[in-house]
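Across the two complexes that follow, chain A remains constant while its partner is chain B and subsequently chain C.
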Partner chain A sequence: MKVQYQAKPQYILSTFILFFIIHSIQVGIGIQGFQRIIFSEAKNDSWISVVLAGVFTHIVVFFIIKTLQLYGPTDIYGIHIEVYGKWIGKAVNCIYIFYCLGMFVVILNNYIEVIQTWVFPTVPTWLFSISILLLVVYGVTGGIRVIAGAGFFSIILSVWILSFIGYPLRFVDFHHLLPVMESNITSILKGSYKMTITLIGFEILYIVYPFMEDRKKVIKYAHLGVAATNILYLILMLLTLSYFSPGQLENTNWPTLSLFKIVKLPFIERTEYVAVSYWLLIILPNLLLYMWAAVRGIKRSFERKTKGVIWFFTIFLFFVSIFINTRSKINQFNDFFDNIAFYIAFCYPFILYILALIKKKMTSLKEN
Partner chain B sequence: MRTKGWIWSCSFSFLLLCGCAQPKVLEEVGLVTTYGYDISKNGSILGTMVELTIDPASPKDVVILESEALSVRGIRNNANNKTSKRLASGQLRVIIYGEEILKQGRTGIAETLTSDPSISDMTYLAMADGTARDLLKLKTEHIPDIGNHLYKLIDQNTKGRVMPSATLQEVLHNLFSIGKEPILPILKKDGKGEVGFTGVALFKESKLVGKINSDQSFYLNLIIDKYKGGNKDVEIKSSKLKPRNQQLNKTVASLDAVNGSSKIKLINREKVEFDLDVKVDGRLLEVTSMIDLGNQENIKLVEKEITKSIKREIEKLIAYCQSKESDAMGFGEIYRSSVRHSNLTDKRWYKMFKEAKVNVNVDFSVKRTGLNE
Partner chain C sequence: MFFKKLFSTKGNLIPKDQNLIPETREKMSTEFKQRLQNSADISENEIGASGITLFSIGTLIDKTMLHRDIIDPLKGLSFDSTQKIMEHLSIGEIEKSNQMEKAVQAALDGNVIIFLDGNSSVLLAKIPSRVGRSVSYAQNESQVIGPQMAFTESLLTNMTLIRSYIKDTSLCIENLQVGSRTNKLVSIVYINGIVSEQMVGSLRKRIQEIKMDGILDSSVLEQLLAENSLTIFPQMALTERPDRVSDWLLKGKVAIFVDGSSLAIVCPQSFMEFFQSMEDSNVNWQIATFWRLLRFTALFLSVFFTALYVASLTFHYEVIPQTLLFTLSESRAKVPFPPIIEALLLEFIMELLREAGARLPTKVGQTMGIVGGIVIGTAAVEAGFTSNILIIIISLGALGSFVTPSYTMGNVIRIVRFPLIILAGFWGFYGMMFGFCFLLLHLLRQTSLGSPYLSPFYPPRFADWKDSIIRLPLSITNKRPDLTRAEDEYKFDPIKAKKHN
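Moving on, here comes the complex of A and B:
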């Protein structure tokens, strides 16, 4: 297979779409309940953890783009083959594909858990799983342009949820944020580490990069996307910290959704039901993009037809998702992937960049 | 094209299956609008529910249900055995606690209720003077639906700043924060078959430890919240003002459109000393004394006297709270947020609060005196 990949003209995307892709894949399941997990480490300084994690994400994104720029139009699968050689490269690609599928399961199961807890306690997991998976199959067969469109509309159509922030503002007590820097630096860093599962998604850059129209502008839009996510998380964190008291926050599984519990509109009494159901639109781009990334991995490394691969993955994911059906199993799975995601999404880009740099130097030396 | 159509029809057929979720038809559901919790003789929870039935054929709109269970959820399930309609708590508006159950410190009921997603965090909580059961069983001509009546009563008075606001969110917020205790309004049924707001219940952790009357609740409101647009009669004790009412020998100044704000500052960390600055202004509409309000000096005098008496009342209130070790005003919160690494716990704060010194500074000004001078 070739290292470089020139996308066909009909699949090329405008670069500004990258902003929507990055933002929509980052915001998804983590946003519903990240506050509690971070609070358990960093206490009232949790917002500092959010800022630190956000800054770190910008650095990682910077290195991801640096790596990609070394090769021109290519994706991570091509880089792997180039850096590690044919066989090891393919093996590493497989790990990456499994990582994408794992993230898919994490998102799917967490969402099903949320919808079962809040709205439909009696509807079985398999029913949700199969309906969402079929939707994903439909989207992924449509190709990258359909998926990017889904990301764009998911953001545009869910902006209204932000307006609900005004309601909890009436009950905030900013004394909860004081005194600043009471937690020591280790617990703040631990809190940042716990942001992993909420922040990841930006590594999709590795795969959508060759589809961008103007690759010089990628830096700008990728960072804008990440910055939008960070600002959103920071606002939510500050709001949550000042709205809930510490004891309350420790007991709330999904603080973001609980914030909506007090929103009361004249025509609809319980807005969080709408929000929970509407969340499908927010997580759909995540599912589509991860599935698409995995399918692209197979296509690039093994040169298979995509249709069969999509169905194979769908059936596989369906069975995995119905086995992980209780809160404790979901938590175990989350924690497991939290660790993996930290190494793959946050640490690996640095290693890959160094390896790619060395490889590049060596080839240029050989040529001379 | 054919495969696409196949996928479409397949996904649509599954969407139809979503009808498998339990439907809740309005006619088949009994909406519980009010819960009352008491303690029974053997220590289990005695629940009283006001059920709103939607049935055009029935002459009565509300049914009062009672049941006993060991768990909070069990009450609803047991009550379900007695009704023709499935009980749903999505329309719950008010939760009333009996006095006994709060004395035993079982406020945790509220916490249990929030884990049910169908219950809104804006549900009002209140305490019944006596048992919740008696209060909910009240039925007179002008109160056909006690559940709705209580909701409207609490809602109106909370918005009008007569009662302190005690929604589920606020009570739990204060219950779980260190250095601030929750408060609940007290509702009392009097002999004539009327319900009224009579005071505020004070808590230490989750135990009921004291009560203040509705008059003092104004001052509590003034400290806790930004106060806007209420009325208040302030009693003045002064030799310079001669009361009109010779019999009672009391002078009262009636204030209207009262605005107030307060600020608590920690000024001494070791000895735990606070400055409490209260700023109040309002319209002076009536003074029950032979005094000419057209005179600027007299206004100054009244202002001074009102300031004094507000200060006295607030000091009395704080002293009472301190004697009960109930920090409803949130001094502990201020202490925790201004002292680094205080590692404050509830137990430690109770002791510190009891010995804390609070300097009350009141700044009162008369904005205007209505239409007449």
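Moving on, here comes the complex of A and C:
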């Protein structure tokens, strides 16, 4: 296979769509309940953890783009082959594909768990799983333009949710945030570490990069996307910390959804029912993009026809998702992929950058 | 000798000798009749002793013109060549031919074959009879402000209408034929220099590739030209308004006319454009914007409102505020069905009423109003069949679907409701969201003549948002939509326009 990949003109996307891609894949399942997990580590300084994690994300994104810029139009699968050679490269690609599929299952199962807890306690997992998977197949077979479109609309059509922030704002007590820096540095950093599963998604840059129209502007829109996510998380964190009392927050599994509970409109109550169902539109681009990334991995490394691969993955993921059906199994799975995601999304880009740089130097030395 | 040689080589070049016009009158007569299956309407007039015979299909030609312009001038004269005859006649379209096949085709097109005994070529004079109606009011796409004319079934009249709207040298009309048996004339109309050449090319190719025996109307042609026949959404617009077509031509679109059809096909078309009416540009931009927002709200109401009712009452009655819930449960107390059956039943009745109203003669049509309004509306509630509130919701939904300016899109909106109601009845809000996501992905996947269907929203072209769900003043909207990929992007120079306005 070739290291560089020149996308066909009909698949090229305007660069500013990258903002929507990055933002829509980052915001998904984590946003529903990240506050409690971070609060258990960093207490009332959780917002500092959010800021730190956000800054760290910007650094990682910077290095991801640096790595990609070394090669021109290429994706991570091409870079792996270039850096590790043909066979090890393909093996590493397989790990990356496995990671994408893993994240897919994490998102799918967490969403199914939320919807079962909040709305339909008796509807079996497989029914949700199969319906969402069919939706994903329909989207992914449409190609990157359809997927990016889903991300775009998922954000545009979800902006109204932000207006609900006003309701809890009337009951907040900002004294909950004081004293600042009560927790020690280690617990704040631990809190930042727990942000992993909420923040990941930006590594999709590695794969959508060759589809961008103007690759010079990628750096701008990628950082804007990440910044939008960080601001959203920071606002939510501050709101949650000042709205809930510490004891209450420790016992609230999904604080964001609980915030919806107090929204009362003249024609609608219990807005969280609407929100939980509406979340399907928010997680849809995540699922589409991870599935697409995995399918592209197979296509790039093994040159297979995508349609068969999509169906194979779908059936595989369906069985995995019905196997992970209880809270404890989901938790185990989450923790496992939390660790993996931390290493692959946050640490690996640095290593890859250094390796790519060394490789580049070596080849130029050889040529000379 | 030399001429004979030339003739014989010609004969060798065309292997079928019978393709040439026979030289004697009897042979010509039998040949002509045989080719047209001895049809009863073949007419054969011999003019005096001049040796001229007129062959034609009597039902296709104008009898007065035949007598006034052909028989009268030729009567009593004698000619030795067809060229001389041609000089004697004053008919607009006249041509010479020596091919039998061509002569017969021309006869089918309303030509009279003027045959001179002993001559190997004939004259084809076009005097078609004009059967059809004159230009009348636009009834299906009526509007208060703006021209009231509509296309007719005559291609010629339609072209005249378009030409009278756009008096531009670069307006281009291309003729093609479709249907191996109907042989309908199809015209592709566009403005050269604005339209994207690639789009015209692909459209031309698609029309040429059609292999069907008969295409009777442009709505059939539209189905054959559409990229995806699996989708329920219309991918090309059908309109009967010449001003509408002209406006779209100026935006860089391509129009297709079929002879014998009063509807023009216009493409590429985006989803949003089906909710725009020509009247929007004839009124103030504030009013137009209000109308467009109204239509868009109506779209959502029409598609999701009944489903929302079913979902809330079946699974999520907690979301309904207490005061509203009281009214709801009171009106539903006597209803024996679950909400999904109730809603489907009423929607079904609504569709029956609409279909009956559309098929009935206008005189009986008023009865439908009484049946729908009194018998079904009031009686159904009193009998405890349905709840009052559902009747309000269903009629709102129906109203919403009729607000859509495009009839084809209105049909789609009404049908899309049914799967959504069923999904809502099975899975509540989740089912509705599932349906919505599916529709979104489905619309994202569609294209119209290669242009994205959800344009200008996706791919986002913010400049085109000025004339989409809203409409801003004309002096601002000077750019042609990105949808048409127009070669000349600007309608006018914005700076110059500002100075004048």
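The rule is simple: the second predicted complex is superposed on the first by the 368 of 368 C-alpha atoms of A that agree within 3 Å, B and C clash if a C-alpha of one lies under 4 Å from a C-alpha of the other, contacts with A are read in each partner's own complex, and residues count from 1 in each chain.
The rule we apply is simple: a contact is a pair of C-beta atoms (placed from the backbone, for glycine too) under 8 Å apart; a residue touches a chain by one contact, two chains touch by 3 or more.
Note that the coordinates shown come from a computational prediction; the quantities given were computed from them, not determined experimentally.
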Touching partner for A:363 - first (chain B), second (chain C), both, neither: neither
Partner chain in contact with A:135 - chain B first, chain C second, else both or neither: both
First (chain B), second (chain C), both or neither touched by A:6: neither
Contacts of A:332 with chain B and chain C, given as first, second, both or neither: neither
Touching partner for A:270 - first (chain B), second (chain C), both, neither: both
First (chain B), second (chain C), both or neither touched by A:120: both
Chain B versus chain C as contact partner of A:175, first or second or both or neither: first
Partner chain(s) touched by A:150 [first = chain B, second = chain C, both, neither]: second
Partner chain in contact with A:280 - chain B first, chain C second, else both or neither: second
Footprint overlap on chain A, where chain B in one structure and chain C in the other make contact: 119-120, 123, 131, 135, 138, 264, 269-270
Chain A contact footprint on chain B (complex, rising order): 7-8, 10-11, 14-15, 17-18, 20-22, 90-91, 111, 117-118, 120-122, 167, 169-170, 172-178, 180, 330, 333-334, 336-341
Contact set on chain A toward chain B in their complex: 117-120, 122-123, 127, 130-131, 134-135, 137-138, 141, 171, 173, 175-179, 182, 243-248, 251, 258, 261-262, 264, 269-270, 272
Residues of chain A touching chain C in the complex: 13-14, 16-17, 115, 119-120, 123, 128, 131, 135, 138-139, 142, 145-146, 149-150, 152-153, 156, 264, 266-271, 273-274, 276-278, 280-281, 284
Complex interface listing, chain C residues touching chain A: 315-316, 318-322, 324, 427-430, 432-434, 436-438, 440-442, 444-445, 452, 454, 457-460
